[in-house]
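Each chain gets a letter, A, B and C, in the order it is written, and its residues are counted from 1.
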């Protein structure tokens, strides 16, 4: 499929652009890797030596080229704080992030789809009015605050879900089923936080899509053939409605990932987001670069998947490529 | 009562004083205002008017396919039964099976994400108790009947792979598959070029004759209507202004609007020196309907009376028209 | 304007008015504390309608000062985003060619980085201050506007009156000023209204993480950060600023949505 290859290739300059911009930004920042050698017993000369050993005295582009070369060979550098390889830190965290984002994505998709479908179909009804108000409020609640309120209600007051973390260390000996249940138990609140924000943000756009689809001639023509409302909605409108929702999902991916980073941080969910935010506070540049790269890769591959799904559903795209 | 029964079997469809208004917060638009039509069994009835005169809205009103913000009053008697009083469920069982609709733009009338075959099979299986294989065979048969070349291959293609004319053939195939008693054809040839137009008209006449179907043929092309219809209604800004047999309408038009429409037909014969006269000005917006006779703003012969009094339909010459002129 | 829209306007006027007037009055200091009370958070009462925080400071008063900061950050940073975005979008759309390609690639790149990450990184590198927050939010939020303006310009360029104006020998700059900008103004207004809400949300995250507005200045975000340690005992400390943020952002969103509907209707009617 040449279309796919073309899209894959177009992701490369994008990744280079993203990393170059972030790299330059971090080099602009006051302080560098040697800032952690605050120990006065280390002389200026030694620091200069370390700087040149690390290549920090070379021009920006050269440093970037080196970083890129290392990155391509799988070497993302070492954490300034813990000294462990960045790739290992990321590898340890990515599972948790993928679990949380994929689960929330799936749930957001399903809820948004049906909520938008029904409120668009029942445009102007009481149900539609309520969905509109609730989505606007959901869209306007700060994600982190929603997380705090959920903790306040469900953990501190009702005591039904844990406030934070990924799993209960006391269960490490338990059967894998119990451990899995434990992970989901921990995941509920962060998941809920992301899902509420995500559904609210997307439903409105999906509703618009449904309304404009239901106004199309082919829906009128199908009705004129005596086709029932349920088939109109769940066959004729359904497949067409997938297209705008795929586009919106692709576009809102960076926003959703941004949101889930903050959520991970609040719930101490041991994923990339928590790692990244902590690294930002510690000015741990290799880790920051690594997480940034990883999240960009996630976003770009998400967009790629969206494009593929779009081309799969819309027969008009297939012939264009 | 008996008499009424007979009357209704002669006229399959009897639209009585239909009024359709689109209501929005800011303003209401009455697109169809007091329209009455009769369509006899097995006949082709024409409905002519400029763009914006309310032809499509009339068609959608009959089918009950108006958007939610539209309000419809009057009677739509279908074989004696008032469609405006039927439940959605009942109406749905009449649509397609008894009354079918062909839309203005054939490409937009087919769902772009399903194959043509899928949409045909869906419709066939809805209206006939047949298996999927049987429906597929019938669909291919239908495609052949509407003269689509290579129907076995075309069956699996999507609407965007069809030309406009072929899309319209598919729409006709869909209609044929349902075997309706009345077809409302809303400008079925408007977007097609002349040769394709002629082919489609031929096809429509053929299926009409075969199934003894009635057709409400909507067009802005008076020439096309005159050639193909048994009876003609002329519509202007939501009103019927003249009705009669095509010969009467063509050779002895009474209403100045009809006369203007006839003058506007380009004459294919270059020897004929009669020049075409475009109607002056634009059709007024239905949000801002002129008082009195709706045509007086553009009528070359308008009297003072036309600006204040609404003319009623009465027999004049060989047709029935609504005009104050003697 | 719908009922929701009017309610939003009233709410924003009240909040904005209080935020403008109260700090000018000499009676209240947001950092003063009530010496008659124990030094701990107090629940809402007659003396303190919305309760006090851990230092006995009145939450209502601090919230009003916080509103000043939030609205300032929201409005000024959106002004920056709109200016930059309009400028880039105009250039890209009007000149096309490599200018277009380059700026749209930049937009793609900026949009593929999770914004919060970029903002956090920049904030951590510079000393956090209100003006830094405004600049950072402004300069990371212009991409959507640029895309919007570019596509509007492209569609306007297609229309005949631009060609006609060109044929009359009207210069590029005055063409942009007189013919293109006026036509892009409606979608820009909508984007700006919705953008203010977004910017207020971003400010609250930054301040919540301690990278935005710094104490003792009150901002809704840093009031929330402060509330973290008292979540169980003094939930009002978390509820008051959060509700205010939500109501303010929701108001901007309602107004933006109404404006969009209004402009859409307008362009429909004039067509």
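The rule is simple: a contact is a pair of C-beta atoms (placed from the backbone, for glycine too) under 8 Å apart; a residue touches a chain by one contact, two chains touch by 3 or more.
Quick caveat, the model's predicted, so the values are computed rather than measured.
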- Task: Once you've mapped the touching chain pairs, tell me: line, ring, star, complete or other?
- Result: line
- Query: In terms of C-beta pairs in contact, which two chains are most connected?
  - Reply: A-C
- In angstrom, rounded to a whole number, how far apart do the mean CA points of chain B and chain C lie? 53
- Task: Could you put a whole-Å number on the gap between the CA centroids of chain A and chain C?
- Result: 23
- Among the residues of chain B, which ones contact at least 2 other chains? none
- chain C-touching residues of chain A, taken from the complex the two chains share: 13-14, 17-18, 21-22, 25-26, 28-30, 133, 136-137, 139-145, 148-149, 151-152, 156, 254-255, 257-259, 261-262, 265, 276-277, 280-281, 283, 288, 291-292, 295-296, 299-300, 303
- chain B residues touching chain A in their complex are 60, 63, 65, 67-68, 88, 92-97, 100-101, 103-105, 108-114, 122-123, 126-127, 158, 160-161, 171, 174, 178
- Query: Contact residues on chain C for chain A in the complex?
  - Reply: 4, 105-106, 108-118, 120-122, 124-125, 197, 201, 204-205, 208-209, 224, 227-228, 231-232, 235, 238-239, 242, 245-247, 249-250, 253-254, 257
- Can you check the complex and tell me which residues of chain A touch chain B? 123-124, 215-218, 220-229, 231, 235-236, 239-240, 243, 313-316, 319
